[in-house]
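Heads up, the next two complexes both have chain A, just with different partners, chain B and then chain C.
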Partner chain A sequence: MQQADRRRFGAPEGAVPLRFASTSSSAKPSSSSSRLDGRAPEQVRPIFLQTGLVGEASGSAYIETGRTKLICAVYGPKPTPPSAPFNAKARLNVEVKFAPFSSGVRRFTPGKDTESASLSATLQQSLLPSLILEALPKSQIDLFLTILESDGSDADISAGVTAASVALAEAGVQMYGLVVGCCAAFVPSSPLPLLDPTRAEAKTATAFASLACMPALGTITNVGVSGVVSVEQLDETLQKVVQACGQIHGVAKGALEVESA
Partner chain B sequence: MFRIVTASTSAYVEPTPSTRPTDAMEDILMEEEFGADGDGTGPSRAQAVGGGRVTGPGEAIADSGKWMRGHGTYVQDEKVLASVAGTLERVNKLVSVRPLRTKYRPEVGDLVIGRIVEVGPRRWKVEAYAAQNAVLMLSSINLPGGVQRRKLESDELQMRTFFQEGDLLVAEVQAFFADGAMSLHTRSLKYGKLKNGTLVTVPPSLIVRLKSHFHSLPFGVDLIIGLNGYIWISKTVAKQIRLDGEEAGFGEESGEGVYSSENEDISPTIRMAITRTSLVISLLAKYCIPISADIITEAYETSIRLVGESPEGLRSLGRLEVGEEVLRALALGRE
Partner chain C sequence: MAQSTTASTEAPAGTSALTPALFKRLHPRPYLDRFLQEGVRPDGRPLGADAGEAVWRDASVNIGSISTAPSSALIRLGNTTLVCGITLEIAPPDITTPNQGFIVPNVDLPALCSPLFRPGPPSDEAQVLSTRLRDILIASNVLPLASLIIEPAKAAFVVYLDVVCLNFDGGILDAAVLACVGALKNLRLPKATWDPDTGATLCEPISEKAQGESIPLNPLPLSVTFGIFNGHLLPDPTLFESTLCTSHITIVVSSTTSKLLHVYQAGAPLFSAGADGVEGGGREQLKACIALARSRAKGLLEILA
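Right after this comes the complex of A and B.
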């Protein structure tokens, strides 16, 4: 018999694993909508956004939209370690981590997967144009995004961009404007692209478009498109995504105002 | 605390890439009707515009032709825009945005409290809640015994006898380096190493700027309120009186004692007073109440009135409901 792993807390004697009764899916597809949760194609999921949850951090934000749940913490600006070379601009270090329980299948080595590395790169790319890093020479800003529950990586990164920007703003980092993200999936079953797709919707998609923008300035900071889609349809979709970003910006700004007021 | 967004209910004006959304946004200062303000009302009279209005990053605040941009703003397309989330402030023609939670932004002459993090060549690095560590040069400290002379190589070798890593000190901001780091000095009897007390940290924006930040509270507690949000609470030390009648501070007459890290005996009553003061300060900071010695004293006395002087009462002060009760009583007492 295999020896019990001493590094784990063992269950008490006679314990049996939890068994869940099969629950009916909370999202019943409505007859009128083409989407699984009954939303209109261009409707984004309701957003809960709150700042200041991580007391230790200079700024933090928690965002929950549908099943996507993320927490973002910003530490800094702080001086770079002596080993780092001189830099006239502050450095933004971004780290995306998946909680072990975040995505259905258990992740055993959080932070060591390729997915989080690419998400970090996208997140950094989306945020960098918004920050006034010239004002902070020889400094660094550490940003940690923990994905508590994932509902498709496109939705994760969109919500992540919004949360990260709000956390940076709460930390008092100077920026040109708040960055918010939104994404769209093109699915064969719907003539219209689906905004803010869930994982189930994203599974059947033929193409994705994700976008990060500063609605206050009308500037786009990052666009990513994958899959096959016509240029006209893409153009139309991106405009819809930018519109949705305008709404999300209202939420982000509201969360900051509640904090400041 | 949170808002639900649906496609139908959005208060936000939806921008499209082709039309600049700044047109649709409120131009707060442009709409405000101000009289001429060049009447010598004084630059120190900071005035909240639009009742301390809260802005977010990227929000247009004013016309850059008529207004000067201050901290927390930037100029784009002849408009002054906010670059941080915070409250709008105006001094004559200067508009700035003050963020609530941010690192300390030093100014020359500020009193700060910091902690030594590094001993370097002829300098100490001091952590003082700014974006960069502050620098304390060997040449800008007072030598024990109050002697004034050039620092020698032998002083360089015994820098750790003055300040070690982890030591707390109170100093004044002397100047800035090119990268924005501040240079400190302790060349006054008021400044120097801190002992016999405890440190409390609060957001720097809560500290009220006053003439003096050294206070001796009536219950045997000394208070040093650093503008960087670090507050030192210590046992009151008896001030020695010099021959010329002035109060001596750190350093003078006490000779070697200045840089000693040995705490004096602190009686249980004073310990309780220090603990109560620190609890009261944390409580005020938690509810974003501007912190000054007056309000700390008042809150201290209110807390004694409500929970008593016993250790049990002091312990209960850490509880949320007790803390709120104290603040409520404090607010009623001030009306």
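Right after this comes the complex of A and C.
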């Protein structure tokens, strides 16, 4: 039960999401490929990445991969408020928000919902090893990310990590390298894992692996695997994901070069 | 002695690093005033009633960019960027109005869009904007609530209009109204049937075959804001200008009829008589604003089409 929110116009009493008559799904994988959109299993979706959309922010990035669309802005580094205790390293505050229209059914919870809180934690964990926060004592960096259109939460994290790192770079935060993310889904219908799965593909998956890394240094900053998967298969998959991250790193670098040119 | 001190203080003052950005930050009021004295605004727009279309910021609309929403519109008004996405739900109509559905507009000003906002619940500004947007949409009756009924007294559509600001640079209400109108224009309601046995409503998914039903809209409301600074009328002010303006006028005109839908004036319209080509007292000045708003509305309607 949602608590009443007096600061917004709320839903009328008894409002329920639309219920659709079940129809036979017309989306079937084409014969030549195992994927719904005809990609090869290890092929990631094309990425559009642009910096500098939010004028007043220190750094910002908009990323679009397939249907996943999100925008990220960084404010800071700025001094912590006087009330905050002394910190020798800068603090990275991460807030992930879903737009109410981002995922088909209306997403609306006053305050934070659990999914965005866990996304924030993953994002923060993926970014922290790349940043030289020791260089900024007594300061904080605020990173805000709004998901405008979601196409599976794993794809959201991966795109979010890439956008966030590019925004931090544009803000001039010292870092060891750009962090990019990619994910893979293991589906029963395909012998090979599917990289960068869409929501429809992720629905049938038995396991997920998502990874964030700094391809310039060959360092992995965060790995998450959920579901049942054999060690050999996981090893093989993660190598493919790291390879894909190398390609994504090129896109991220390109976006920053365009901006500085 | 006195001469030498003046000389020594003058020299560093003359060469001090008072860059335009620093001048703007330290003395925003004189900064804006200097621009307006030259007949130009800080972003290069001309001043004056005879400048035509150039007094407005560029507006652009991108309809249907969010595919998870039944309808959406992305608006850019100068640097201001916002997205309006529609979501649909079904609810029993209110017992006092059994033949009306619901529209629920909300404006979100997240901390992402500007350093002025903090994360957390909607700020006062966002709440005020939501209320004004709702007033404009309900009062103009752009979307007849009766057209949202599926079964009288049993089921009706709820149209949520969520406006998310991505870049905050003034003129938010204008952009929000434009975004809502753009999204509503593009909205198609799925065919829905209310089942008297189960009391539930079943919809037909929108596909190539079943395109859904587009709602005939009433004349569209189009909002135009003016700021008044130091006797100058500034149409469509940016954030920097609107924080310095002493009064604001918002005029919502109807797209096809000559009716006014909403007039809101905060502060007195005290731009100097004769300046910027407008003569006469407050009444004449407001009339001049309405005439300007009408011409702007024509332009906005073109980009929506």
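The rule is simple: the second predicted complex is superposed on the first by the 230 of 261 C-alpha atoms of A that agree within 3 Å, B and C clash if a C-alpha of one lies under 4 Å from a C-alpha of the other, contacts with A are read in each partner's own complex, and residues count from 1 in each chain.
Here is the rule we use: a residue touches a chain if its C-beta (ideal position, glycine included) is under 8 Å from a C-beta of that chain, and two chains touch if they have at least 3 such contacts.
This one's a predicted model, so the numbers in the text were calculated from it and none came from an experiment.
In the superposed model, A:73 lies in contact with chain C only, and not with chain B.
Once the two complexes are overlaid on the shared chain, A:127 sits clear of chain B and of chain C alike. Of the two partner chains, chain C is the only one that A:13 touches; chain B does not reach it. Of the two partner chains, chain C is the only one touched by A:102; chain B is not. Touch criterion met: A:256 reaches chain B, while chain C stays clear of it.
By the touch criterion stated above, A:229 is placed in contact with neither chain B nor chain C. Look at A:94: by the touch rule set out above, it reaches neither chain B nor chain C. Once the two complexes are overlaid on the shared chain, A:21 sits against chain C while remaining clear of chain B. Across the superposed pair, chain B and chain C touch chain A at no common residue. Put simply, chain A touches chain C in their complex at residues 5, 7-21, 23, 53-57, 67, 69, 71-73, 75, 95, 97, 99-106, 110-111, 142, 144-146, 148-150. Within the complex formed with chain A, the residues of chain B that make contact are 1-7, 10-17, 19-22, 25, 54, 56-59, 72, 74, 76, 81, 83-87, 99-103, 131-133, 178-181. Interface residues of chain C facing chain A in the complex, by the touch rule stated above, are 65-69, 72, 79, 81, 83, 85-92, 94, 102, 104-106, 108, 110-115, 119, 121-122, 126-127, 130, 134, 158, 160, 162, 164, 166-169, 190, 192, 200-205, 207.
Put simply, chain A touches chain B in their complex at residues 40, 42-44, 46-50, 52, 58-59, 76-79, 130, 132, 136-139, 169-178, 214-218, 220, 239, 242-243, 246-261.
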